[in-house]
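Two complexes follow with subunit A in common, the first pairing it with subunit B and the second with subunit C.
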Partner chain A sequence: MNRQLVGYGLLLALMLVAPTLVYPVLVMKILCFALFACAFNLLIGYTGLLSFGHAVFLGTAGYVAGHSIKVWGFPPEIGLIFAALAAAALGWVIGSLAIRRSGIYFAMITLALAQMMYFFFLQAPFTGGEDGLQDVPRGKLLGIIDLADDFNLYYFVLAIFIFAFWLIHRTIHSPFGQVLKAIRENEARAISLGYDVAKYKLLAFVLSAGLAGLAGATKTLVFRFATLTDAHWHTSGEVVLMTLLGGMGTVFGPVVGAATIVTLQNELADKVGSLVTVIMGAIFVVCVLAFRRGIVGELGALYKRITGNR
Partner chain B sequence: MSEIFGIPIQAFMGQLMLGLVNGSFYATLSLGLAVIFGMLNIINFAHGALYMAGAMLAWMGLNYFGIGYWWSLLLAPLGVGAVGVIIERSMLKWLYKLDHLYGLLLTFGLALILEGLFRDLYGVSGLPYSIPEEFAGAYNLGFMFLPKYRAWVILASLVVCLATWFVIEKTRLGAYLRAATENPRLTQAFGINVPLMVMLTYGFGVALAGFAGVLAAPAMQISPLMGSNLIIVVFAVVVIGGMGSILGSIVTGLGLGLIEGLTKVFYPEASSTVVFIIMAIVLLVRPAGLFGREK
Partner chain C sequence: MKRKLIGALVGAAAMSLAAGQAVAQKAGAKVSGDMVKIGVLTDMSGVYSDLGGQGSVTAAQMAIDDFKAQAKPAWKIELVYADHQNKADVGSNKAREWYDTQGVDMITDALNSAVALAVSKVTLEKKRILIDTGAASTRLTNEDCSPNTVHYVYDTYALANGPGKAVTKQGKDSWFFLTADYAFGHSLEKDTSDAVKASGGKVVGAVRHPLNASDFSSFLLQAQSSKAKVVGLANAGGDTINSIKAANEFGLTKNQTIVGLLTTIIDIHALGLPTTQGMMFTEGFYWNLNNETREWSRRFFGKHKKMPSMLHAGTYSAVMTYLKAVQATGTDEADAVMKQLKATTINDMFAKGGKVRADGRMVHDMYLVEVKKPAESKEPWDYYHIKAVIPANEAFQPMSLSRCPLVKK
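So, the complex of A and B:
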């Protein structure tokens, strides 16, 4: 337990000094996608539901945050909360439809409904279509702290990330989280034990959608714009890849995966152009064939083998 | 000029025909998905990318080797099928004992690779492929002009779909296939080479996608993205129809194409979303799909 605390402490210290070492906007992007992947992992890793349309929550919240802050003049913190709630509401609608089927159908339904929202955003007047929603002001946090400064914003984003990470951690280790794991392991048995499985799945879906939305809203604040890319199925695929690469069902896996993929894309973007997609696809294939526990999962297994405790 | 619901009959029938053309692609692709799913329990996300590869192969054949449309219609599906066989033997076969979701993830990765490669080679702007001479022009049906190529697409897809139905439901090979779908172990115990059938099923399923790709080549712009946009709609079609019945896939595909065409006439803003809306309604009313069986 103590060792774990030391680990968390070191990680926190690293995150606190990170913006002095690396370009802060890049670290914020990593944090946003890490939060997005953690929210996604809550579904795939702990409930066994593969949502293939999670980008829709990222994208929707991005637009809602951008529109409410830019056009309606919401302060940033209210805009973020409003956007996360909007994503959660959309999650409730999409979730109620998708949980009517399970397994592969669940994945296809979430993908199809996300695509429907994508077409909606493409045509809706407030999103700016292909150009996106530009020039979203960052505003002042609580009316005092100027978020236009990258460092101020960084610590705000870090606080959001830590809060959400803590929330997910609490959810997983709560009785509610235990029921989710039971559903993942054996849905039929969970039903026979008297749990209303549909309700648990839906609640997990709404929570995951809301947190994905928080990530999307934060991302809009960081980059000052919201675009269609965030709602595209490519982004849905990316979050699956991040979680798979880092390790599904592990606490830190999605964070590691998100950091790896975002850094990789950042490094490769101007070197190989559209071959980035090929590399992402290749990582997918390798992960599925040889590496299903992901980076964190494999390291954990290795650690256990070395220390000999199972 | 006669009108129907205040719309010139010419434009109305034109959109209906376009809807049927799209419906033919939906039917052929969802049929392939259903056949693969029945045997391998895998949803082939690479289906759209392989459809695109079919169209691309036809274009490459014409521009690099001078292979015409008719030969492409035969060779490109064979090529795509061969790629499918390689994929099945080298990758998919290791996943059968795992959760079905891994098959989806693997084929998604393959789709990204294919799409990225072709995008790197040819860009996203779309390549032209001219309509074969035999099908240039249109039939004058009196009340409308029917472009010959559209008629051919619908006819060819219908024939291929019905032939597939016939082979699976009415022949001995099909009986083996259905038996292997029901209970692979028992079927193998009777001396039928099930792994071989699995391989051929996947090869055949993706060859159907390649065939649809060649059919699509002259009808629409060939672009690396043509598959991924289509496959998501086809997923919705599969959810609506359910994957239980072959004829069900064909009927659902054509029907949804028609509805999409009608939407384009009456409320064009919704034409890209109507299939998804229908999917949502079907999920509310009949979650197993129109032709599906509740498991």
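So, the complex of A and C:
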């Protein structure tokens, strides 16, 4: 237990100094996608629901945050909360429809509804269509701290990330989280034990959607724009890739996965040119074939084997 | 060669005479780090990679090599490039990083409107220069115009307005539109319709199709039964290619003229002359125009194995013009270079008498082209008849309609 605390402490210290070592905007982007992947992992890793339209929450919250901050003049913190709530509300609507089915049908319903929203964003005048919603001001946090400065914004984003990560961690280790895991392992048994499975699934879905929304809204604040890419099904696929690569159903897996993918996308962009997508595809294939538990999952298993042998 | 040099010198002299005080300031200014760094930010793996992509990198490198050979600058020039994967966040992140950590002075290409708009904001924030040769959106020089952005090659207004006026004036005066049902398609349709009506033509109808439609048959039957002389394709990419193929299969091309509103030589090369013959559209550059374009394009072909698109030619011209402006001002400081760019008349294989306006729009002649019949094509890539030259002052949106806050009215 103590060791775990030390580990978290070290990580926190590393995150606090990270912007001086690595380019801060890149770290913020990693944090946003890590949060997105963690939210997704809550659903697939702990509840066993594969949503294939999760980008819709990222995208919706991005647009809502952008529009409310830019046009309605919301302060950034209110804009973020409002956007996360909007994503959670959308999650409730999509979730209520989707959890009536399971397996591939669940995935297809989420994908279909997400595509509908994508076409709505493509057409709606306030999103700017394929040009995107541009020039969102970063504003001042609580009216005091100027977020236009990358460092100020970094610590704000880090705080959001830590809060959301803590929330997910809490959820997983709560009785509620135990029920979710029970549903993942054996849904019929959970029903027979008297749990209202549909209600638990819906709640997990809404929570996941809201957190994905928080990630999307934060991303809008970092980059000062929201575009269709965020709501596109490619992004839904990417978050699956991040989660699988990092380790599905592990706490840190999605963070590692997101960091790996975002860093590769960014760093390879000016080194290998057109090969970026090929390399990402190859990594995915290797990951699924060779280490199915993902990076963190495999490391965890290795650690257990070593300590177990001792 | 000599004449160009003299031209540059005369330009520089005129500049310094015109602004005597500026010279005093400039004596202290110099090129930061004795290095001018140019970034090509483009799509190298997605749908636009043939239009820009590696070809733009090649073109920019050619411009740098040619400039070094001609002007022998005292400073070094370096080229970096990146694949933005058509993601605005990757593009804007890369641009930020280039500006902040690598000392990039100017970014070019930046195709894809969402990426271009995002990079334009970053460029303004970091006080550098964006010469966009790839994106189509008129927002770059209107609502979202910036004192640090030049929009160099084309925009949706130029693509729509050219054929709208020129084709109508040639007697093909009734139009029917096949429009992709989203903002880009709507704005193309609207701009073209306005131009058609202003030239005395009429629009007999329009049909909207969803983005990435696979079956165009019912839309094309409507177009056919409308009896319009011209069918305008207000769509792009795969939709344009599919609708052209389908139009050919339905025999639409026998009685009606297809006008592409975002078609380039790359599409024609991909589809072939038998399918595309008789089509009309606007281009900003054609390799087989005159000796100067042929000479440059053959050199480009030698390196890239494909003839240049207007983006490639535009990127070469943009980099060359930028480097000359740095040479003339003796600094890579953005404000001074932008001032010089706006005072320069661009004369090269891409533009004759090109001017950068206050809103950042570079205006130059555009060409209305008609695709040749297979029998008329004498060599590979010999695809166009030039039907009309649209002069610079008519090709682009007039300043009086500008929605750019930088334009004083």
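The rule we apply is simple: the second predicted complex is superposed on the first by the 303 of 310 C-alpha atoms of A that agree within 3 Å, B and C clash if a C-alpha of one lies under 4 Å from a C-alpha of the other, contacts with A are read in each partner's own complex, and residues count from 1 in each chain.
Following the convention adopted for this analysis, a contact is a pair of C-beta atoms (placed from the backbone, for glycine too) under 8 Å apart; a residue touches a chain by one contact, two chains touch by 3 or more.
Given the structure is predicted, the values throughout are model-derived calculations rather than measurements.
Asker: Could you tell me if A:Gln265 is touching subunit B, subunit C, both of them or neither one (first, second, both, neither)?
Answerer: A:Gln265 sits against subunit C, while subunit B stays out of touch.
Asker: By the touch definition at the top of the document, which applies to A:Thr227: first (subunit B), second (subunit C), both, or neither?
Answerer: second
Asker: One more residue to check, A:Thr277. First (subunit B), second (subunit C), both or neither?
Answerer: The answer is both, since A:Thr277 touches subunit B and subunit C.
Asker: With both structures placed on chain A, which of the two partners, subunit B or subunit C, ends up touching more residues of subunit A?
Answerer: B
Asker: Taking the superposition as given, does A:Ser208 touch the first partner, subunit B, the second, subunit C, both, or neither?
Answerer: neither
Asker: Once the structures are superposed on A, label A:Thr218 by its partner contacts, choosing first (subunit B), second (subunit C), both or neither.
Answerer: Neither: A:Thr218 stays clear of subunit B and subunit C.
Asker: Which holds for A:Leu289: it touches subunit B only (first), subunit C only (second), both, or neither?
Answerer: In the superposed model, A:Leu289 contacts subunit B only, not subunit C.
Asker: Just checking: does A:Thr171 make contact with subunit B only, subunit C only, both, or neither of them? Give me first, second, both or neither.
Answerer: A:Thr171: touches no partner chain.
Asker: Touch check for A:Ala107: first (subunit B), second (subunit C), both, or neither?
Answerer: After superposition on chain A, A:Ala107 lies in contact with subunit B alone.
Asker: Scan A:Glu130 for contacts with subunit B and subunit C and give back first, second, both or neither.
Answerer: Touch partner of A:Glu130: subunit C, not subunit B.
Asker: Pick out the shared contact residues on subunit A: the ones touching subunit B in one complex and subunit C in the other.
Answerer: Correct list for subunit A: 119, 122-123, 273-277.
Asker: Over in the complex, which subunit C residues touch subunit A? Could you list them?
Answerer: 44-45, 49, 53-54, 57, 80-90, 92-94, 96-97, 100-101, 113-114, 117-118, 121, 137, 139, 144, 181-184, 210-211
Asker: Could you pull out which subunit A residues touch subunit C in their complex?
Answerer: Interface residues on subunit A, with respect to subunit C: 23, 25-26, 29, 119, 122-123, 125, 128-132, 134-135, 219, 223-225, 227-229, 265-266, 269-270, 273-277.
Asker: Which residues of subunit A touch subunit B in the complex?
Answerer: 50, 52, 97, 100-101, 103-105, 107-109, 111-113, 115-116, 119-120, 122-123, 233, 237, 240, 244, 273-285, 287-289, 292
Asker: Within their complex, state which residues of subunit B touch subunit A.
Answerer: Listed in rising order, the residues of subunit B that touch subunit A are 37, 43, 91, 94-95, 98, 100-102, 104-106, 108-117, 119-120, 228, 232-233, 235-236, 238-239, 269, 272-273, 276-277, 279-280, 283-284, 287.
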